[in-house]
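Just below sit the structures, each encoded as structure tokens.
Each of the two complexes below includes subunit A, the first together with subunit B, the second together with subunit C.
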Partner chain A sequence: MSAYVVRRLLGLLPVLAAAIVLTFAANQFVPGDPVTVMLGDQGGNVELEQKLRREYGLDRPLPVQFADYLAKLARGDFGLSFRYPSVPVTQVIRDALWISPSLAAAALVLALPIGISLGIVAALRRNTLADTGIILVLVAGLSIPNFALAAFFVWIFALKLGWAPVAGWTSWRHAVLPVALLAIPAAAYLARLARTFMLEVLQQDYVRTARAKGLPERLVVWRHSLRNVLVPILTVCGVIFGTLITGTVVIETIFNIPGLGRIAIDSIFARDYPVTMAIVMLFTFFYAIINFIVDVLYGIVDPRIRISR
Partner chain B sequence: MIGRTAAEAISEGSRLAEFSRLFLANRSAMLGATIVLIAVVVALLSSWLAPTDYARTNMLFVWEPPGDDFVLGTDALGRDVFSRLIVGARVSLTIALSVLAIALTVGTAAGMAAAWNGGWIDSLVMRTADITFAFPELIIAILVAAILGPGILTVIISLSLVSWPGIARIVRALVLTLRGELYIDAAIVCGTPPTQILLRHCLPNIVPALIVRASVGVGFIVMAEATLSFLGLGVQEPLPSWGGMIRDGLTALRTDPHLSLAAGAALGTTIIGFNLLGDGLRDLLDPRIRER
Partner chain C sequence: MTAALELSRLSVSFPGQPDRLRVIEGIDLAVGPGEVVGLVGESGSGKSVTALAAMRLLPSVARIDAGAVHLGGRDIVGASRQELLRIRGAEIAMIFQEPMTSLNPLFRAGFQIGETLEVHLGLSRAEARRRAIELMRAVGIPAPEVRVDDYPHQLSGGMRQRVMIAMAMACRPKVLIADEPTTALDVTIQAQILQLMRRLREESGMGILLITHDLGVVAGMADRVVVMYAGMVMEEAPVRSLYAMPHHPYSRLLLKAIPRVRERADRLNQIAGTTPPASRFPSGCRFHPRCPDAIDRCRMELPPLETMPDGRKSRCWRTGEAGLPSMST
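Then we have the complex of A and B:
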């Protein structure tokens, strides 16, 4: 088991290395000189310009800058923001750090039971009206982009009915619509998978045996089938969490939630590249860690995986 | 290749007949096909269908409600929302098609090169694909947008970047299985150049899988383009995009909800159409699923 965990951990390295190199390279390719932008109407102030260049390390050769970038990253330092001169990136994103992952986690916790039970109901009633109805709802849930649905939800639930606040981030009520909107496509995706897996499991010999020896359907479903549906579901949770985290970029923009996603978009338009790159790194990092945890859990649940991969 | 025998032609014909029979019987796939057809026709005829110029502003008629003059009213700049919605179909589908064309070409070429040559080319292609998969899609788009700035080019490049690896993986796996076939061995023995073997003997066998992959992927690409345009990273004014129209409508959601909702409905319906069609084609063309 520990060999398996180490192997999975080593598998993370190329991804993190790619993220580091890509973000550093992107910082070199971005148009415009950050110091010129920061100086603004102080354009002629040579002394200030030299001070900023020194402070941001931009006066040194690229390899040195890269080594410095690496060394700082290792200490959790993402450098200084361009938009707020001399302010560390970590300070810009510190308060936002946990908002996106928390929203994504809440949505996943909400989506898992709803999605799995919908999928199982559909599978147990295969080819009935209920099944077809659920499938159509699932296609709609997967197809309608969450910002389009958000416009509709805000209009109905916030503006017409007044059940939830329109936007902002001061009480738990502000999280209701965002979490619901994030959970919908996730639940639809989970339900689709649960339905497929359940249909597969129901065709297995051990299910036929369970039925043949006269077990009540309740036990066949709950004890013999469900467990084997949950294992493959577990493996896709990482992917779902990844899409949920990126989904927060859109949701935070709509609901004016000060999370990493909204800051990422703001920073692109403000040309605050160090902040953009830090958030790209963090999102990639979250995604990699989650997939690592899922892989390890999968190895625990299904021993065959440890050996074959 | 020698000409097809009559028996082959007949079996080919009956396969097509069987396929169309199954497809016509699949109600959700037909619904999807109808929606996609409507979207494509609207996109192709957008110049004629749009009542007015999508970019013409008219400050005398801002925030007009839906009515006789403007079917869906006007936006903050007095532009006809209905015309923008129709041209939005063209913009959306053109981008999706471009991304698909690039991703299919690059993915097929990379997958074939990897499978045929093996060795370091295989490792290079597959490791690049693995690493691309390790990044969430939107994050790649944000990275590209930071470098290139917002715009259609950003959308096409970033979506192509995330779309080719999936295709390359499928093509590689299929070419690897095809390599064991006798007719490929025969072609090699005859001294047929590899590119010709890949294009004339392998490609036709891969096409069904590519069609499935592409039709399932279009919905995703349309959604991703709309997302980027919604965030302001994609299609730029004055060109209309459904994503951008939803965002612009949000500011007037209280007074003119139809602005966001109409664009949202057009976008949602189109993606539903592509996904229903894609699912239907996958069920019919993917033999693993058909056998069940």
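Then we have the complex of A and C:
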């Protein structure tokens, strides 16, 4: 087991490396540059511009810059922020670190039971009004863009009903609308999958065996079928978590939440490369962690894929 | 003596265009206590639908249009869901063709056996497990104390079928329906499973309805044979007399289709044509388009399943005639 964990963590290295190279390259291809942004209305000051470039090492050739970045990274040094002069990147993102993954995890935890039960109910009542109704809701949940739904939710639940604050990040109540908004498309997606998988499982021979044994429908569905539905659902949980993490970028911007998502957006606009790089690496890392957890759970749910002992 | 299982005039239909399709029609079939009845026919003849109807396990779109299913003297066609749950797995049990897919891959073998006991006899999980080990030993699974915790994928095909049998036997049912129980197994394993079923039948006195298209299996196992074709019973006879002298042309051709070592032929004997689907069952006798003995009457009128003086039954207008084309070798 511990050998397995080590192997998985080593497997993470090439993924992180690819993320680093791609983000570094993307930063260079995006128009605009950090020094121009930093100077703001002092844009014409050539002397100051050159001084800043030298200070941040931006006057050196790109490969040198990259090598330098890697060398520092290897020592655990993420560099200094461009936007907040002489503030280390770690300090910029430290307070925000857990906000995005927490929002995404909360949304996933909320979406899983709702999505799975909706999907299973739809499958059990296949081709009835209930099934059609659920499918309609799912299509709506999947196809309405999140930012549009966010505006609607703020209007209804924050402004009209006053159940939740409009924006900000001072109490747990500020998380209610963002988590709900993240969870809706995830739940809809999960429900659609659960419905499909359940319909398939109900056709299986072992379900017929369970019925032939005289098991009540409750056990046929919730014991013999559900677990078999959970196996493929688990597989997609990693992917869903990935979309949720990236979804926080939009949601945090809308609700003015100081999480990684919003800092990512801010740093991209400010051409604050070191911060952008760090956040992309973190997102990659979270994604890998979730997939690792999924793989471990996979082995618990399905004995056929137990991790080699 | 009352039969353990008796189907009388059982008809089942499935949705179709424009009308519902009668997949089996007026099936009469009885299995006595301790008796093995072979139900024989080609794929699509309605064998499995008959079995599922006897278990009241037909898919929800299927409908029992007429007839009765007597289990220990009681008709279960009108039984409520609750009653059926009590009956299934306790009074009548079933094993299936595919031991590979008939067990749930996510639960331990012993648990799946014990589940039946928990549900029907109210045993605790621990008691059920202990009984499951005994049952596994009784069906010849070596080291059952270890195997009880195996998952299906850790067991071979033969072992899985033994687990299925242990599960079916758990509550000592009066009737066991075995739907092609050996078709998916190696020949040597086949023989072992049949031997096991024979032994359990003798020990428990349950009746077995053995569904198969393998006439060799029937010859070795069954006391009586029911031959089905296109959703109807064509012939019924004790196994020896059927093999010695089949009355129905279809039975004759079926038996002739078994290759024999002594008469090595250049071509294998086959029955011309294919089994019609339920949407295109022919008029008159359903076998007439493929029957070498067919006369005009066969095309027009459906022959009844007639009981002969010797107690055998055959559904053919020409039963008893000599020198028919199907009799030539």
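Throughout what follows, the second predicted complex is superposed on the first by the 237 of 309 C-alpha atoms of A that agree within 3 Å, B and C clash if a C-alpha of one lies under 4 Å from a C-alpha of the other, contacts with A are read in each partner's own complex, and residues count from 1 in each chain.
The definition used in the following text is that a residue touches a chain if its C-beta (ideal position, glycine included) is under 8 Å from a C-beta of that chain, and two chains touch if they have at least 3 such contacts.
Keep in mind that this is a model prediction, so the values were computed, not measured.
Residue contacts after overlaying the shared chain place A:R60 against neither subunit B nor subunit C. By the document's definition of touching, of the two partners only subunit B reaches A:F283; subunit C does not.
By the touch criterion defined above, A:A210 reaches subunit C but does not reach subunit B.
By the touch criterion defined above, A:R125 lies against neither subunit B nor subunit C after alignment on the C-alpha atoms of chain A. Residue contacts after overlaying the shared chain place A:V301 against subunit C, while subunit B stays out of touching range.
Shared-chain residue A:K72: touches no atom of subunit B or subunit C.
Among subunit B and subunit C, the chain that touches a larger number of residues in subunit A is B. Contacts of A:V250 after superposition: subunit B is touched, whereas subunit C is not reached. Touching of subunit A by both subunit B and subunit C, each in its own complex, is seen for no residue at all.
Listed in rising order, the residues of subunit C touching subunit A in the complex are 55, 57, 84-90, 93-94, 96, 98, 101-107, 115-116, 119-120, 151, 153, 164, 167.
By the touch criterion stated above, subunit B contacts subunit A in their complex at residues 28, 127, 130-131, 134-139, 142-143, 145-147, 149-150, 219, 223, 226-227, 230-233, 243, 246-247, 249-250, 253-254, 257, 260-261, 263-265, 267-268, 271-272, 274-276, 279.
The touching residues of subunit A, counted against subunit B in their complex, run 14-15, 18-19, 22-23, 26, 29-31, 135-136, 139-140, 142-145, 147-149, 151-152, 154-155, 159, 242-243, 245-246, 249-250, 253-254, 264-265, 268-269, 273, 276-277, 279-280, 283-284, 287-288, 291. Of all residues in subunit A, those touching subunit C in their complex are 204-206, 208-216, 219, 224, 227-228, 231, 301-304.
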